[in-house]
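Each of the two complexes below includes chain A, the first together with chain B, the second together with chain C.
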Partner chain A sequence: MPAEKIKKLITIYIPVIFCSLTTLFPFYWFLCTSLKPERSIMQLPLEYFPSQITGENYLKITNNFGFSHYFINSLIVSITTTLLIIVIAIMGGYAVSRYKFRGKKGFMLLLLLTQMLPGVVILIPLFSIFNKLGLINNLGSLVITYTAINLPFCLIMMSGFFSSLPPTLEEAAMIDGCSRWRAIFTIIVPAIMPGVVSSGAFAFVNAWNEFIFSLNFINQSSKFTLPIGLSMMKGEFTVNYGGLAAGTIISLVPVLLIFCYIQKYLVKGLAAGAVKG
Partner chain B sequence: MKKRILSALLSATIAASALAGCGTAKNDEKTNDVQQSAIEFWYHDGNETSNGIFAELISRFQNKYPQYKVNYVGLPSDSYLQKYNTAIATNSVPDTMSVRDQDISAIVNQEALLDLEDTINNFDEKASLNKAVLEAVRNCAIDGKLYAFPEYFTCDISWANTALMKEKGVEVPKTIDEFMAACKKYADAANGKYFYSLRGGTGSMENLLDFLFTYADQDSLFDKEGNCVLDQPIFTEALDAYASIYWNGWTSKDSVTNGFKEMVAEFGSGTSMYISHNSSSLAEHKKNLGEGNFINIFGPANKNGNVVTKNLSFTGFAVTKKAKNPEGAIEFVKFLANSENQSYLCEKEGRVPANEMVYKKDWYRNDKYMKVYTELLNSDHVKFITHPVWLSGWGDFKAKYQEPDLQAVILKDKTSKEVLASWAAYLTKLQKEYLNSNK
Partner chain C sequence: MKKSKSINAEVAFPYIMILPTLSIIFIFLLYPIGNTFYLSTQNHVLTNLKDSGFIGLENFKTLSVDGVFWKSAFNSIIWTFANVGIQVILGLVTALLLNMDFKGRGLFRALMFTPWAVGGILVALIFGFMFNESIGVIGDLLMKLGLVNQKVSWFSSGNSSMLAIIIANTWRGVPFFTVSILSSLQTIPLEVYESADVDGANSWVKFSRITMPLIKDTLILTTLLRTIWTLNVVDLIYGMTNGGPNFSTLTIPVYIMKLFNESLNMGYASAVAVVMIIILMIFSAAYLKIGKYGEEEYY
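Up next, the complex of A and B:
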């Protein structure tokens, strides 16, 4: 084998294969476990491919565990949060990028500071506020919280994308008769689509996985979100490994689909956002 | 593009409207011409089995008391306490909730629970409530009051995989010497098979104290003056013996971080054939090993033939001080504690009932596992050690000192003597503070 090929094999292919295997194996193992009958999950020697494939774990969690409620609740909360964040971050990001106003630097610093507080610190004050507003046990409280928590980062990211475009772009459109709103949404936003997609993905995944606020703000089993549902697969003295694996696979599907769709934007968006602004 | 943005905004508006519709349930509802008042009930372990059990019990309750409607919320067992604490801090507690012995002290310190002394005294089946459990409930609070209606308890016990033992010709060890000999003889590190699964991770305290106190043949953590006895040389000897199971490679390397899940998984997969755990893991063993392939037995006895084990660890139902419907909540916990309903719950979940009237039920008398617990409760050779759950720092002690220190001993980073001395000093300080504040 030529030296160049050996070098490529050692420096590229072997590390890539190794990383792929170590990253993908846990997912494969979850899939494998979710398709095994409960009894054979614990059996030794371990079966790396199930000798008997069954869908009973999926059926069980859907029919007996109210998993579909959790899934739908998570979907409602995550999609609404994502849409709100995208809309507000576009407008806020544009304002921060294009306008000069007093206290702008302080405002940006404040946005960054909000990212440094652990969620649990604001749990009790938020709970009290939502309680007074009658929003406890309402998915709206989760949407508002997730939007508020994720918005600063998305807004900063978005303003970086806006700054990467010259103001002359929308000015040219406005000279041709466009209103500012139209110029933003028809000229600028399509040009920063990678940024919109990155922000949206960031918001969606964070809302999808959040646990603490969901546990504390919701007091009705049918309104719990997926992370709470998954957590209940592990009881005080029992663990439903099959159900847990099946639930994890189901909860991965939307995230996986989103990432498949946005992959091309995401890499471009993250890289662009990292160096501009 | 304009259309897309508009449709996105429209979707958000629709979703927000839908969310607004998911409002809080009203406290009072009128159904079938009966004015119903709601009872908010939280259960700390909302798994598939318990959710089904409570659905049935709540249906029975609502049939008997149509004026009440119970809103049941099953919670994740590893984070329920955070929800309880948030609810207490924000005055949004449920009417009633399940509590474990280890939780009560902290919740009572926040003045969140109603004293149930009178309720229990007026309970029709009060005479049949297990005295030891009632005593355990009292021990949890600094004022010695009853803040929970005990429902069931767990006994620390050993589980043996008899099918595997029979196959390998292993006798169930009855003494510590036999147990250590079995650990040594049947350790097969090359094939990843062992006699015993040591628990070095979360929850290691129960197994550790059972072993140390059986070895030392003592049954109290403190002397009369409130000094912790763990710094006595006999406990150093005992901890060395316990840790030697790991030092000698007689248990899996993973044992150092074994929590409940990992230990039961090792037992269930045949990696080990003997574990120390409590009565509540029965369902897992049935699922993993199959009925008839395992038994529950007393832990190994010391040279005097005595076994020292953790005092009954109970779960009960408490009524909160700020309950919106205290009358309904009290009626509900009494309903759950009566023999008929407690029997249903304990039979389905494999729990040991706190109401002794259940012991006369056919299912209990014919249950081979329950027989062992009855024997354990009545044996002259079994002593019970009470864990000081009344100490507000007990939870911290387990998480911040006991668990990491035990791992340090197992990994030979610290010696048994220094660790036990530091534990004794810490617990003595806590106990004396407690005794002084209680004078």
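Up next, the complex of A and C:
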């Protein structure tokens, strides 16, 4: 029995612990840094466990006029994008899941191909479009762009959830005199709430993290989103790593929370959509 | 009469439902791609608009002798293959590990996936700090382990900068492979392994003769998809090295962005973007062909 245990320790637990440490260390290190007073961050030898814990970096960053703006801008953009995507993906996902129609194959292929597209190749024309529409330095340009790039995946994911429900559900409601639109939004959508939440969360996380379009479409600091704001802070006060670390930790919290919740659905969505299992 | 009207409505219904999606894709994704092709044949420099106009393939001629472009193409190859190669191996190992039965597996799985949620620019900030020459923890750890005997100035040489950005991207990219491979591993019925045990197969035989053939398709598709996405990375490289020092970490998409931002030469930047679209189309065609997309009935 002990031999078996030793074998399990070597083949499973030691690799598991090693993997966890390398995965978690960068988070730990930035969290540590954010809790250290500025002078001990710059001090050698490095402190692997902070000898003195302080909340001053968090206080400083949340009182910083810019940072709270970036946070609110990111929230506005991400929430609006998420709501738009949810409504449009419900419509499209329902059609794809329940109907056979001409051009469906082409439509699905189009959705898949857009997954391969790097943002940077459409950056210049999009910039011109938004410039003509007067949407440069307007969060609207970000909402539109993020909706366009995340919609295809969310639609594919949503259609998978619709397909897991029998069509008899809305048919019964329609026999009772309910219109199809009403049947979809009052009966089907509540039944696939996990799907709605996880596609929405996927869109939220991507919008929250996006950098390239935000960097190019917004150059007025009061309109910056978090990724831009944080990367600008690095140049602004190169020595204030404590503040930067605190800002990064704060902006990580929402996505990590969401991510923990949706990861099991994301695996399903990946298997159904982008990566065929 | 009334009946045929309702049939029409029924036929039109799915089209009405996909109309918003189609419009968004056409206006904000497809039209811009077409426009990029158009712009690539134009002389269009924002700082000198009076000389704008059609110049045919002139931008592509310039590109063919542009040393920075070729350097970025070469860097893109190194960046993409190193990242994907390392990530697929680590992803396979962690997926096999997670597929085993042990206490705390659920927690471990949740932990292993977290880097995936971290945005590229935040990865750049975190790893940029960890690779810092004077107070960076990575150099410090390497010294403690006796692997180097003095501080490493990661971002002053091309090779070590490339290594640093590959390490950062690998940290973030492994979970994607782990998730995909794990979901494929879980479709293999346990009985297959049990009957192999009866025949006295050892672990290596089981892995190479049962596991690998059964997850091969997923592995190939995941790798291709990831190759495309890795080639497309901009934020992480931009945030960590901005293509430097001396263009040694500049990849094609980062070059496009810098051309647009710094020289405001929209025509030339579009020509580089067109080359990138063509390369991606080749990879995407391979992906769709191998995945047999478009050949099956959807649902």
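Following the convention adopted for this analysis, the second predicted complex is superposed on the first by the 226 of 277 C-alpha atoms of A that agree within 3 Å, B and C clash if a C-alpha of one lies under 4 Å from a C-alpha of the other, contacts with A are read in each partner's own complex, and residues count from 1 in each chain.
Here is the rule we go by: contacts are C-beta pairs under 8 Å (C-beta built on N, C-alpha and C of every residue); 3 or more make two chains touch, one makes a residue touch a chain.
Computed from a predicted structure; not experimentally measured.
Engineer: For A:221, using the defined touch cut-off, is the partner it touches chain B, chain C, both, or neither? Pick first, second, both or neither.
Structural biologist: So A:221 only meets chain B here.
Engineer: Return first, second, both or neither, reflecting whether A:94 touches chain B, chain C, both chains, or no partner chain.
Structural biologist: Second partner only.
Engineer: Which partner does A:112 contact after superposing on A: first (chain B), second (chain C), both, neither?
Structural biologist: second
Engineer: According to the stated criteria, A:42 is in contact with first (chain B), second (chain C), both, or neither; which is it?
Structural biologist: Touch status of A:42: both partners.
Engineer: Per the contact definition in the header, classify A:190: touching chain B only (first), chain C only (second), both, or neither.
Structural biologist: Only chain B; A:190 stays clear of chain C.
Engineer: Between chain B (first) and chain C (second), which, if any, makes contact with A:139: first, second, both or neither?
Structural biologist: Only chain B is touched by A:139; chain C is not.
Engineer: Which partner reaches more residues of chain A, chain B or chain C?
Structural biologist: Partner touching more chain A residues in the overlay: C.
Engineer: Where does A:23 make contact in the superposed view: on chain B (first), on chain C (second), on both, or on neither?
Structural biologist: second
Engineer: What is the shared patch of chain A, the residues that chain B and chain C both contact?
Structural biologist: Overlap of chain B and chain C footprints on chain A: residues 42, 44, 123-124, 127-128, 211-212, 216, 231, 234.
Engineer: Taking the touch rule as given, give the residues of chain B at its contact with chain A in the complex, in rising order.
Structural biologist: 1-2, 5, 8-9, 11-12, 15-16, 18-20, 22-25, 40, 44-52, 71-79, 82-83, 86, 89-90, 92, 94, 260-261, 264-265, 268-271, 278, 280-281, 283-284, 287-288, 290
Engineer: Which residues of chain C touch chain A once you look at their complex with the stated criterion?
Structural biologist: That would be residues 11, 13-15, 17-18, 20-22, 24-25, 28-29, 31-33, 35-36, 39, 93-94, 97, 100, 102, 104, 108, 110-122, 124-130, 134-135, 137, 140, 171, 179-180, 182-184, 187, 217-218, 221-222, 225, 228, 231-232, 234-235, 238-239, 253, 256-257, 260-261, 266, 269-270, 273, 276-277, 280, 283-284, 287-288, 291, 293-294, 298-299 of chain C.
Engineer: Which positions of chain A touch chain B when the two form their complex?
Structural biologist: 38-39, 42-44, 60, 64-65, 76, 79-80, 83-84, 86-87, 123-124, 127-128, 131, 134, 136-140, 143, 182, 185-186, 189-190, 211-212, 215-216, 219-221, 223, 228, 231-240, 243
Engineer: Can you list the residues on chain A that touch chain C in the complex?
Structural biologist: 8, 12-13, 15-16, 19-20, 22-24, 26-27, 29-30, 33, 41-42, 44-46, 88-89, 91-92, 94-99, 101, 104-105, 107-129, 144-145, 147-149, 151-152, 155, 159, 163, 180, 205, 208-212, 216, 227, 230-231, 234, 241, 244-245, 248, 251-252, 255-256, 258-260, 263, 266-267, 270-271, 274-277
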